[in-house]
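Letters A, B and C name the chains as they come in the text, with residue numbers starting at 1 for each one.
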Amino acid sequence: MESNKRKQELLKEFLPQLEKTSILWYAWVAFLFGAIFLGIYCLVLQILKGHIITGMRDNVVWGVYIVNFIFFMGISYAGALVSGSMHLFKTSWRGPILRIAELTTIIALFIGPLYILLCIGRLDRLPFLFMYPRIQSPITWDVIAITTDLFGCLIYLYLSFIRDFALLRDSGDTKLPKWRINLYTWLALGYHDTPSQRKRIKNVTNIMSAMIIAIAIIVYSVLAWIFSVTLQPGWHSTIFGPYFVIAAVFSGAGVIIILMRVFRSIYHLEKYITKQHFVGVGMILMILSMFFAYFTFSEYLTKWYGSKKLDDNLIQILFTQYFWQFVFSNYVGTLLPIIIMGIPRFRTINTITFAAIVAVFALWMNRYLIVVPTLETPYMPIQDTRPEWILYKATWIEWCLTFGGIGTFCLLFTLAAKFVPIIPVSEVADAELEMSAELAKGQNNYEATITTPIKKQIVLKKEANEL
Amino acid sequence: MDNSLNERKNNRRKFLRVSFLTGLSAVAAKTGFADIPVDPEKESGEMVTLLSPDGQLVKVAKEKINYMEKYISPEASRQGIPHRKFVMVIDLAKCKNARKCVENCQKAHHLPPHQEFMKVYLMQESEEAAPYWMPKPCFHCDKPLCVSVCPVGATYKRSDGIVLIDNERCIGCKFCMTGCPYSARQFNWADSPYLHVDQPYSPETSVPGKEGTVSKCDFCPDMIRDGKMPHCVSACPMGVIYFGDQLEDIVTNGEETIRFSELISSRSGYRHLEDLGTKPSVYYLPPVNRQFPVDRGFDNDDEINQRYKDVPYVKKMHKN
Amino acid sequence: MSYKSILSRQSLILFLCSIMASIQLVAQNTASTLELKELKTSDESRIFNVKLTGESEAGAIPVFQAKVDFFTSADGKSELLGSASTSRDGNATFKVEKGTRLLKDKEGTSVVKASFNGLGKLNSAEASVKFKELNLHITLSEKDSLNTIQLQASSVGPNGETLPLKETTFNLYVQGLFTKLKIGECFVDGGAGSFEFPKNIPGDANGNLKIFVRLEDNEVYGEVEKTENAKWGNHRSGFVEPSRSLWSSGAPIWMITTLIILLTGVWSHYLYAIIQLIKIRKEGKKIDQN
């Protein structure tokens, strides 16, 4: 079959990625392990000495850990939304970047909850969340939501892998070790691309992509509600649900662009991840940036204009203590992607990647500005002499654990790229088939619209000139 | 000649010193502080100095509380004392930041020096408004947000109105601390000797605290069961804090006993941040016709006085 | 005389002086104070409370395990009634049962003396109270939708005649959780008085009230108290907590329902997906076998 041949071609092209490992790869993995081990060491220190070695105190009880948690969960949902919606809308250029999006979803979903665990005082009592759950608590909603989302994303990811596993299993002359071929065989679930199997996969994938979009929105809103149901000034906002979802997809799009750039250069995928892809996802970035700017402006305008004392305290601390962070995250972070994407001359792969990097950092800072300054301006005045109880300052333990988490993210991605080709072979082949079928259909339709002889002459002349 | 003079001076000094010390030791012997016999029968717990019938100062262990007899387990502590609803009234007109409530509570609950279940704030609503001292325990709200957000049910509201924390269930997520708008809760950030008390744990005593969990003012239900009032109420030298049962409509500060409804209506009692709708169980009587000027409250350590440096009144005071 | 000998004589004198001073100090005893309070209780027994403290630099310190004797005396005669031992806070309680004969003088005044015999370095101390016997009766009645307390108070004269009480005020209390609440005063003259009991006192869960009628700080009769229980409380029912709310242990029904519907919806799709995967696998196995 056409598509089968194409798939074999693509597979042959991508197999070296899985088979060969360079020194650089080992060095990179070693570096990541270093970061992770440092993180584990810090975790052990924290368990032994207590949370006093972090910067959190009685007023700012949630710090960098929760910021990281929100950030990673946000990336995860963005991956789900982007891949789910591209699947459903059958975007023509979706093929090559789908796997990156789906992997982002699942890997970030593993890392996010780890940060919550870091914030919990009694890790030995974690099972209580499942033994004595209180349904009225937003954290219970989050536990249920994350578990559901994790399961769903795993199924969704697996569905996208099955066909490539089958291809890998069937690839005859590879340098892959026997155990890997066996693993692929087992994971391929006996998929032989029969029509009924193909139909099943397509059917379930469609259902799951629709589900994933819905789950992602609900789950991330639940996370937003953890903050908005409390009475804290700055958190008790009605738009937190949608605000968080928008910010999530914004940051996730940025991460996907960065990953696209990275894999494009490492594996020389210039033919597959083209400028069109960058512009495509960049457009998503720009649109979301505009929405994000709109929501942020709406939020802070409302707070600033109204005269409530507590809102005023919060605005004061944002514009004095956190002035540059505020400008960076809410002005630079939103305007830069809009300018770069909005003006066609500025759109190059590198500038779009730069915009994505800025957006990602700006969004991390935005989460920080949501969590910490609110806790520094509570209803009862903080009358204390110890400086670390008045203003929050993250300690090296928290930063090391942040980098440990980022390191884990990169490591899991690196290993995943070694396990399956980063470009989804079957998807790309299918997409190409679709595109050629569309073109053919379009040509027929086009010829069918030429009814009058004059029009036919004009068309024939045009074609002659072009030739 | 000079030498002998100096010698005499030195000798006199030496001698005076010796006789002074002799006299002093005699006095010490008389008062018996030199050798206080410790009653060997009692264990060395908290000691109290008493006089024996023959006039000797004796250190005796404080009456050992039979904890097992009075023990209320975490499960049992979820039921309130039947037919009661506890309420507290704090008279801001009498408070002068003597901090005896703070200190007694800390002692009774084995708290380290900086952890305070009962806090005293210097409140000033606006630049021109009068500053006043405001003791703030946990408000034991009737619509407690802290209870609503706890994912494992470690904190709960009982039928007698008291909100307690079961530190054997708390996972330390600190959601309740963000849920409380009155900053009433504290976290045990590290292990400390204060957490090692030889006493069976009960949420009603909140002793011993546990590292990695949340704790707060508990209205001392263990004292209430004993017919005694919470430690802060009995410690206050000015009788600022009244405590009682809203259902029988009686509150007392140890000396005065008065009807709760009468106290609130005649003195215009109110609850702090009423608009938040949490329905606190602690009422305040406004700081009018005050017994003391606000400055009496600065009779404390420098460290404590420094806490209030951001209050407009204090800032003005320092400018002048 | 040489300097040395003067010096040695001076030192000897000074040394002896300090020894004398010490002996003086040692010989001086600790002053002690005894406080005595009495109360005639509802069952017509009398309770005597004493507190024995000793003076020291640190202030008054309670005396522990000291024996305090109680005497009844009149007209110079005194009889030992009994004794009690002080507790850790220096308090001792001694009860004289109803009907115990107390010595009276011709005006009917009794004196009860509490005394602590000095022991060792602690000086002796004593205190006394004097009082006349007062007979107090209270009756509770509910008529015309009013709750009334009627008091009858009288004393016994020298010739055994009943003397109605003149112009005395009694305080009325109600028992609360920790302390007693004063609800009013009753003026008794000519041996009788009445008090209208307010109807807005809650009482305990069943509306029971423990009412105290007390004569306090009276120079002639001391402290007299009578209690009575009455079901005169208008107790409000306890605050009715909603059984399912955000802060109760059971969640609101709508929350549980919504959650179940959502979760069933989502996980049923997962189940469907897994079933499809299993079917793919089955088909694959069949193909592999062929």
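Following the convention adopted for this analysis, a contact is a pair of C-beta atoms (placed from the backbone, for glycine too) under 8 Å apart; a residue touches a chain by one contact, two chains touch by 3 or more.
As the structure is a computational prediction, the values presented were derived from the model and not from experiment.
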Labels of chains that are neighbours to chain A and to chain C: B
Centre-most chain, if every chain is reduced to its averaged C-alpha atoms: B
Chain A and chain C, separation of their C-alpha mean positions in angstrom: 68
Separation of mean Cα positions, chain C and chain B [Å, integer]: 22
Centroid distance [mean C-alpha coordinates] between chain B and chain A, Å: 50
Two or more partner chains touched - positions in chain B: 145, 148, 153
Residues of chain A whose C-beta touches two or more other chains: 134, 136
Multi-partner residues of chain C (each touching 2 or more other chains): 246-247, 249
Residues on chain C engaged by chain A in the complex (per definition of touch): 246-247, 249, 251-252, 255-256, 259, 262-263, 266-267, 269-270, 272-274, 276-277, 279-285, 287-288
Partner chain A, residues of chain B touching it in the complex: 114, 119, 121-123, 136, 145, 148-154, 169-175, 177-179, 181-183, 185-191, 210-213, 273, 276, 303, 306-308, 310-311
Complex interface listing, chain C residues touching chain B: 3, 7, 10-11, 14-15, 17-19, 21-23, 25-26, 28-30, 53-54, 56-58, 61-67, 88, 90, 119-122, 174, 176-182, 201-205, 235-236, 238-239, 241, 246-249
Residues of chain A defined as touching chain B within the complex: 49-52, 56-59, 61-62, 116, 119-122, 125-126, 128-129, 131-134, 136-140, 143, 226, 229-232, 235, 375, 378-386
Touching residues (chain side chain A, partner chain C) in the complex: 134-136, 144, 148, 151-152, 155, 158-159, 162, 188-192, 194, 196-197, 200-201, 203-204, 207-208, 211, 215, 218
